[in-house]
């Protein structure tokens, strides 16, 4: 039994990839009842792998590829799943009942699409005036870019973030596309929908929430816009350095492609670091490096000294040593490295998930610990249509209705791999 | 006209009223005073009263009065980056006043060595050596060491302090004197000096304590409160509309008083010529009626005309209206962090009354001058922000 | 007009970037957010940029953006007198979010314990959580990011791993705390129970999507740290155009074919070199040449309009100077500029989401408070007499 | 030889009581050549001719044995002149002609009558700095008024702040705070003028009102009135915002101790000592200053029940060792019990013709490298007449002439 903070909240998800689905999983972690309406018969984008030989997102195994893909697994725990063709009248009837059932509807089609499907806000609130509808189109529901398509990597580029992420000597071609908005948008929209439910207590009505993913990125990077507006300066990539702090960087540690981050934010941290490096004199009054002023004037020299030092040690060991001296230091983890953290094991953070098609592995755990009712991974990422019958029964359909829908391919529990 | 101390630069590194009182006079007569403060602000900023009783780090009465015309810079000198800033400040200045713990003072003073450095004055409660050097005291507990609390009180009642703050002010004021002294010396013989003012000693070694009298006579001071009934009249006496203070127990003032109140016969009266210490009540039959009939300002004027040392007992509300204060502009209205505010004016006047040698300028906001000063000390914008980031300056 | 979170009281303790980011949404959507700041100024106020590069505790860009609509009170939470204030403020609050060292956090949690039950919801933010061997470690934005596997993954093999933009990591941690904090408030509204939530920065970043660990955990194979432009599923990444760069995500159909048509090379959509998954990686350079030639005659906005018209996933790569004037930002007022007393014009991002219409006032961003601006007001509100207020100030507990 | 900061400066002091004389001694302490021009034949206030409370028993003239005089007159030479006489007048002129500072303490206007107003002095020596220290200054309606420190204390409002809350003004002991602080003010004023002289190349006259020299030291008195229209009340030893903050009984009769805890940390230390550790625990109302200022009485009692078991010095020691502000309320004899003062060898033993060897209080400050020394004990009246007059170029014959015509002297009639 997972946390029940959100017990009694019904969440209806018609959403792809992560920004919508992952948030729904978080709500599920917190006790909400989440039903994911999955595209059918067309395979949902989230489950759409390339050639399994080349697509790194697909786990080994012999089950259907669309059940083995990481994108789906990472964003769909703790929900129930119904695969429904909402382009059919029967499908629409099911969806309509789901909308009556729901407190929250999460959709992340590009702007306008859901209206074209006949489920714009005006229709939705006719069906259920208490429901809150959340739309997650990247550029929002209005404006010149209406109808354009993009996802996380593009919003990152247009929010000005991409250009400050690179190496100081690098070119934009080198900048790795990232999905930061997919990680942060869910955190924002949970606040949004719960806020609207609180307002519903006063007004008796749900509300429509237009969340432009690019705007949710914008507020997170005040430095970018401010440096331009305040000082007419276009922020340049600072990579791992900080203009006001030395040392502040990423250094090589022993072993191939192994790294450690080290930061000394104040004199005492610097003093201890210098001592660790057998150069206490660097922190003695009289030596220019004993003051932050002297240090920021000798960034490169200091960094190269540190590199010489860190090269001799394993990143985890060295981080232990430095932290013991009160110095900010952490190994730079490659994907497998979390399993080496005694801390995460001590906190039982990893989760073992049993799934018919992917090998049993330790997966990453929850974003938070809660007392007294801790979150638990009650439902693994559902198979397509896994809960069709249960959900339809709950909505009042008879087993005959269900059998009919299945035969008319209005619902289903398998995709044709080939479909796009 | 320029002020007498123009061109002189004093650095104040302190955390009590004493240091602020010490550098105030320098500042008001034209010296540049740089006040080095911790992030929480110098303690003096937290001393009430505040306007409307609403605390304000820039609006405390002591701060407004004692930090006039100073510059405020926030530096955390607990680590090397801060010490490096201080080192540049030292070299900018002619005099450094320390008013903090002995431990800190020793550390900060140890950096000051050699010709390019200024002279220093260190203010501490018990001095920088000896078993009590690390004791923490406050305004009242220091006074207790000086025999004054004991002497200022009455038999069978608890000893009594002076007005809150006055002890620390006296200590700071003492430091100002030695400070200007060694500054003069430094200018003339190029000898850098470190002076030390121990609060207890500064007051105990001064006048108005019972110690020396006791050494000379072995008699403890009489703790008789306001009225000395053996050698009268001296002390505070009630009159028609308040109180006056008399010092007429000795000649020639006693005779003058008797004439002034119209009872010269007292001077022939054996009760007073032979046995005065036992006849206070008898004497009061002459003085009492006179005091009862007249108000304090009349008594003041009238007795003074006869050369009797007498003064009215005034309270806060009387001060601004006092004719002498008005005539001399003893109180000055200035603009301050809390708007229009009254402060006491010049303690002394050079050449002529109210010339420009003394100037009261408003007290600085906490950290108001950090930026400009650091620029002056040759720090780049980038370095300044780095120091701020590292919580060295604020 | 009431805002959605009217009536909620939220307390923020620690003054870090994380906790300030956590409190921001509550404040802008109507909650009464009290920012309890340490006497030695809050981290968030120390962060550049500052106007003209002159530091000022009330003018830091991050503070101005994240502390909007809050009230500031300065309390030393390490003293007992300070704890008493926090206890009085906190017991009236729906939620306390704190980002202070685990040891200190434990002390504060204890003053809200009533036997086994808690007097109010508390979310703690720490680098490694409240328990475990690393609980007392100190980290910052860079090192936390290193822990998350994202630094390593989102950088180039052989070269040093990279973090995201400064503070991206700690801001995300703050948002994580806000989300669960909101849920905790909802939880006690519906069944009156208060909860203790432990947000560990490392877990909040690593457990979220786009972290390399989950991917590795599922497929077991370690991916090379690819450069920005994917050489496998291209075009993916930034490509040079006339006046800057275009970001593409058009490696797979149907988008890939649309791109080929849009640049007038329908032939490429069936060209085995670029469609056969095994062949494709060998011909990256060839395709890049073709695409860049087409781009070289077009500005990024021209390419953006032209290609999106054909349903190609792409967009311009913008820098700071271009954000505000982007057509969409202008239309939606994604950035607002206002004049703030004593600071001048400041520009901050608008609402992260729009409730009840694009320009409803569900979101109202009032100016960020100056340091200790509301100390006296708040103390009075919570029943402290003038004498007590002065005593606290005098003792250095408040400022 | 002691401190040489003011070496080369010549100071002429013609003042009585304390403020002026002490200032001159402070200058002497720092190496200035200070000459006290003593009133003759009239003796000064601090030189009583018949024994009184501060007079040391013994032989020799009473006026050489009074503590009040000894307190303010070290490190200066003494010449006793009747400046009303022709030759006395001449001598003073000579003294002033090469002096740097002239401090006079007559009632306003008096010095002019004697022919030594600023106008005259300026003519004698344009480079000299002259300081007049009349109680209320040289100008204004009160200029003619005479007073001692106690009167200034009363008219600056200080008196209205001191005293027992429940008591009456008449219970409040007059004090001479203006004398204790005035000396430093005069000292500072003199040096300020000398520093100005370095630029202006000419002397200065300073009108120093001791009242003004005192009043700036009490900002609260004025501020309470101007900020909050309040007349501050007598607080005794309390502080409205700090608890504990008071004077408590010790085991000895009429011996007292000051105890104050200004913050939570000091409070915790105190609670340990007085065995009320629970009072500093977060659960207890007294753990916050807010609770403490409501519980002043209970807390004071608890503290006194502790201090009553100890002798004052010991209690202070114990409390201080736990970060608590504490000091014994020292009586004059207690001064000799302070291990601190002895460790710093602060007391000075001086030998004086009539008092004999006597241990008195030390200096107000110490200076490195050249520390202070008590080179000249309080001079007898006219002790240096000859020495000084010879420096001024008079010969033996002239000097004995001065004695016979009464323009100088070296003793007073009883």
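Each chain carries a letter (A, B, C and D) given by its place in the written order, and its residues are counted from 1.
As a working rule, a residue touches a chain if its C-beta (ideal position, glycine included) is under 8 Å from a C-beta of that chain, and two chains touch if they have at least 3 such contacts.
What you see is a predicted model; the values in this text were computed from it and never measured.
Asks: Shared touching chains for chain A and chain D?
Replies: B, C
Asks: Go through A-C and A-B and name the pair with more C-beta contacts between its chains.
Replies: Of A-C and A-B, more C-beta pairs in contact link A-C.
Asks: Would you identify the chain whose Cα-based centre sits farthest away from the centre of chain A?
Replies: D
Asks: State, to the nearest whole Å, the distance from the C-alpha centre of chain A to the C-alpha centre of chain C.
Replies: Averaging C-alpha atoms per chain gives centres 12 Å apart.
Asks: Using mean C-alpha positions as chain centres, tell me how far chain C is from chain D in Å, no decimals.
Replies: So the centroids are 64 Å from each other.
Asks: List the centre-to-centre spacing of chain B and chain C in whole Å, with centres computed as mean CA coordinates.
Replies: 53
Asks: For chain B, jot down the residues that touch at least 2 other chains.
Replies: Residues 48, 50, 53, 382, 385, 388-389, 391 of chain B touch two or more partner chains.
Asks: Which positions in chain D are in touch with at least two other chains?
Replies: 240-241, 262
Asks: Multi-chain contacts only, two chains or more: what residues does chain A have there?
Replies: Touching at least two other chains: 243-244, 265.
Asks: Return all touching chain pairs.
Replies: Touching chain pairs, listed by label, are A-B, A-C, B-C, B-D, C-D.
Asks: Would you pull the chain D residues touching chain C in the complex into a rising list?
Replies: Going by the criterion above, the answer is residues 240-242, 262-265, 268, 280, 282, 287-291, 293.
Asks: In their shared complex, at which residues does chain A touch chain B?
Replies: 243-245, 265-268, 271, 283, 285, 290-294, 296-297
Asks: So in the complex, which bits of chain B are touching chain C?
Replies: 39-41, 43, 46-48, 50, 53-55, 57, 371, 381-382, 384-385, 388-389, 391, 394
Asks: Touching residues of chain B toward chain A in the complex: what are they?
Replies: It is residues 79-81, 83-84, 111, 379, 382-383, 385-392 of chain B that touch chain A.
Asks: Can you tell me which positions in chain C touch chain B when the two form their complex?
Replies: 39-41, 46-48, 50, 53-55, 57, 372, 375-376, 386-387, 389-390, 393-394, 396, 398-399
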